[in-house]
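Here the chain labels run A, B and C in written order, and each chain numbers its own residues starting at 1.
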Amino acid sequence: MPLLALLLSGLKEEIRMKKESKTANKNAGDINTVPFKTRARPYLIVTPALFITIGILIPFAMAIYFSLTSYSFRLPTYSFIGLKNWITIVKSSEFWHAVWVTLKYAFFTTVVEMALGLGIAILLNNNNNRFTKILKVVLVFPLMIAPVIATIVWQLMLNNSVGIVEKLLNVVGVYNFPWAASPSTALLTAVMIDVWVNTAFVILLALAGLQSLPKSPFESAKIDGGSALFTFRNLTLPMLKPSLYIALLFRLMAALQEYAIIFALTKGGPGNTLMNLSLTAYQTGFQFQKFGAALPYILVLWLFINIVAKQIVKRQRAAQKQALGKD
Amino acid sequence: MKKRMISVLLAVVMVAGMVVGCGGGADNSTEADNTESTGNAEDFDWKAHEGTTLNVMFNEHNYSKAVISKIDEFEELTGIKVEYSSTPEENYFDKLNTSLSSRSGNPDVFMTGAYQVWEYAPAGYIEPLDSYISDASKTSPDYNFDDFYDGVIGALRWDMVPGHAVGEGSQWAVPMGWELNNLAYNKRIFEENNIEVPTTTDELLETSKSLMQFNGANSYGIALRGTRNWATIHPGYMSLFSTWGGKDFEVVDGKLVCQLDSEESIAMTDYWVQLIKESSSSQWSTYTWYQAGADLGAGQAAMLFDATCNGYFQNVEGGSAESGNIAWSTIPLPEGKTEDDMAANIWIWSMAMNADSQNKDAAWYFLQYFTGPEYMLYAGTEGNSPDTPRKSVGESEEYKAVVGQADGYLESIEVLLPNATIQFTPQPYFFECTTEWAATLQDLVTSDKYSSTEEAMKQLSDKLTDIVSDLEVE
Amino acid sequence: MNKSKGRLSAILQNGLLVIYAIFALFPLVWMVILTFKADSQMFTTTFIFTPTLDNYNEVLFKSDYVKYFIDSIIVAGGAVIVSILAGVPAAYALARYDFKKKEDIAFQILSFKFAPEILVVLPLFMIYQKLGIYDTYFGLIWVYQLISMPLLIWVVRGYFEDISVEIEHAAQVDGYSWWQIFFKMLLPLIKPGLVAAALLAFIFAWNSFTFPLMLSGTSVQPITVAATKYLASDSVHYGQMAVAATVSALPAVIFALCIQKHLVRGLSFGAVKG
């Protein structure tokens, strides 16, 4: 109930915001920081936002509506059943398990991708030779492979009967490592594939940030004789924060709703090991046809994503202002 | 005045004669039990729907590939244009569900299996075909509906009552091909290791265990499917389950009650779990139809208990490393069971018509062309689509020459076909139930979640009874 | 002493890079190797086999691959172009104008990227059917805006914010029109960011799976769904799938190589220049 109220108030807020922004734009000329007073200008911002907003608010509203019904592909008609779907999920162990899996998956992939991405970026930045010059471009390539295809390729490589990774592992005496087939290693496998595809994104952002750092503070720090770690913590990191926050934002939000990789890998198995919120919603909605019952899973996910995202963005803008101010 | 009267009279007589003549019609009675044949065979014309465009959705499969290869000929014969899409099975049904639910009439024709009918028919997505089949003006005189094997065509008939077996009711789809499940084995490996083909479940387990690592550290005894969905339950598992005497649901007081906690069910599942743990792939829980068959073909698995054509495709010339080395047996028997108890589960790839289609008659032309005797002979021989649904093709010399090359294949099917049927109880929650079933199986094999098979099956049984609890059985 | 320490550290660092490079690149190399392997040798050989061009032949000339490829180019390319045309002005306005709820609107736009695809795809499916844009280029390009526009707007906004307003004032005083200022002055300054963000937007759009799966199918078939076609139920043609995947990565690869100069610098966010 409070959830719904929150959502409704959020929705009202959004609508109010839109109205306000439209009127504000009409008066934008007064508090404009730019002297161009063409009338068309304020509408620039409205156009793309409107373009997509309608596209997203309507499906969102429809989704909320359907979550309150027994809508199912299977049944020719459906009825309004109020909060029954919502109550069911709160009481089901399936839902809480899905929440746990979602958090686990998101946590591990994001942490590894951020750490690895930043680390590689630093290494690339510190060493400027032909090798690293090539690497800087070539390391982006994994990002260009669609996650579903990457999963299929990896699965083939990890197959115990005929896969190349297995053959390489055999050389060091490891045989029949289950990878995605065992509950204890399935998450590891999924995270590994996600990391393989997406770390490049973090590397790009971190490297860009590193390469636009001003030289002077670092030179003075060197003269002052600070240790590398000190320099990193108090100089590099704060100035990198805007880039890192964006990378964190995109990766974390994507990881929270990832389902394509897991579906292609194990369809959520073994058992329920990898059934996160997204995949559970997909299964219930598209495979079992119970769309009304599936929507609460994904709506909860979206609410969580929005809250976390807002927090990160707030910090990102603050860090950006700080970085700009330091100049 | 008189002349005029006579010509009017003549005209009336002519028209009356035509009407009477039409009504008389040909007496083509086709198989359908309760529908009378209608229509005049002379009115049948392949070009009757020239200019229509049909949308067809295919699942990516050999059967559909064979159809696609002949679409040009169909277009030429009928003047109907065919637009089609072909989707891999992983995503096919999800996409099909979405398309059908929009009720837009697109696709006009779609590929489906028997289990999907239990969902789609009650939802009103499929058009019953009886009236088309028995209408001589809509069906080619060569169609010969009786030619289909009874078990195969019957499995696509259902009366839409949950709990009622297939075989009665409307004809919802027409078959493209079917699959039974049996044991395929690598005869070269058996010969080299002096092994006899197992005929009982005890023998199977022993043989399978003895064949672990027969070809290096990654090879194993028997390949089985294990992914977290219905595809894992319905082939080998369900066939042995039914042979063992297990049943999924029983009708009790107008409701469906799950029987997965019965003695036979627990014993069989326990056996199956043991078979996997001790002699199947270390990655069983990610194995689809393809990985299981590929391992047999690559010489990494000595046996395969799965769909008949799975091993067949590996065995054809150039199909895999072990082409020509695969042979077939029937179903290993549990204690106390005989050949008569062998109850193979049957899966039928078929085509159905969208109830919202705007081109139903044209769609029926498509359906009958690609399940007609001429096309099916091509499919069964050159089209690499074994397991033909038509007796005329199955008994033809050409078909036997091609498919008979597979050692023991046709013989095994001959033994299994009489008792083969859909072993599941038809109900619309089939996919949800079998997915839970597969997930439980995975838990039993890969984890310690349950202290015993009995505990797992009891919990599963309660869960499934709950899932189907809102269904009324008349 | 310092020099040898430095050299040791350099070797170590480069060594780590080599390890990561192997991890990142080996699957790609292997995928390319697969494209030359025949199905019959797929599971029995590793690196030594008889290469064949059959897979390429099958995929590029005998199947509809080229059509899917072109579909993807139209849809992903179109989406990026639309994002640029609508997004850059929006980014400019978000950077220059100061009005209430500016940050909220900017956040809203960003949040489109995070909307779970499963959430929107069913309602969109219904809407698209009603509007008649199901299975059309227009429909896909529109829905792709959800994934291509947000990052683009945010990166470009960062660039605009970096550019001092004084420059524009000065140019205006000198008598330049707004268009001239925009194209001759601003555009070159935001080029690295615009181009790098466009590449990422292109990659996101190109790799999208759920939207093309549900919102198109017969007339428009982007490559991501089509590539999995080569994994039929009956016989999986890994070689052909590898060809499909490799060739489908080419546009992004070429794009990246063309803009490599800007690629790294392009994605800085308000970090200082100098």
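Basically, contacts are C-beta pairs under 8 Å (C-beta built on N, C-alpha and C of every residue); 3 or more make two chains touch, one makes a residue touch a chain.
All of these numbers come straight from a predicted model, not from anything done at the bench.
Chain-to-chain contact here is organised exhaustively, every possible pair of chains being in touch.
The greater number of contacting C-beta pairs, out of the two interfaces B-C and A-B, is seen for A-B.
A separation of 15 Å divides the Cα centre of chain A from that of chain C.
Between the Cα centres of chain A and chain B there is a gap of 41 Å.
Counting only residues that touch two or more partner chains, chain A has 161-162, 286.
Annotation for chain B: residues touching 2 or more other chains are 90, 94, 98, 294, 298, 300. Of all residues in chain C, those that touch two or more other chains are 43, 122, 126, 228, 231.
Those residues of chain B whose C-beta lies close enough to touch chain A in the complex are 90, 93-94, 97-98, 100-101, 119, 122-124, 217-219, 226-229, 281-286, 291, 294-295, 298, 300-301, 428-429, 431-432, 435, 438-440, 442-443, 445-447, 449.
Chain contact summary for the complex, chain A toward chain C: residues 14, 17, 20-21, 24-25, 27-28, 31-36, 38, 41-42, 44-45, 47-49, 51-53, 55-56, 58-60, 62-63, 66, 116, 119-120, 123-124, 126-127, 129, 131-132, 135-150, 152-154, 156-157, 161-162, 164, 167, 196, 199-201, 204-205, 207-209, 211-216, 239-240, 242-243, 246, 249-250, 253-254, 257, 259-260, 278, 281-282, 285-286, 291, 295, 298-299, 301-302, 305-306, 309-310, 313, 316-317, 320-321, 323-324, 326-327. Residue ranges of chain C in contact with chain B, taken from their complex: 40, 43-44, 122, 125-126, 129, 134, 213-214, 217-219, 221, 225, 228-229, 231-236.
Partner chain B is touched in their complex by these residues of chain A: 73-76, 155, 159-162, 166, 170, 175-183, 264-272, 283, 286-289. Across the interface of their complex, chain C is touched by residues 55, 57, 59-62, 65, 83-91, 94-95, 98-99, 102, 104, 106, 289-290, 294, 297-298, 300, 309, 313, 318-321 of chain B.
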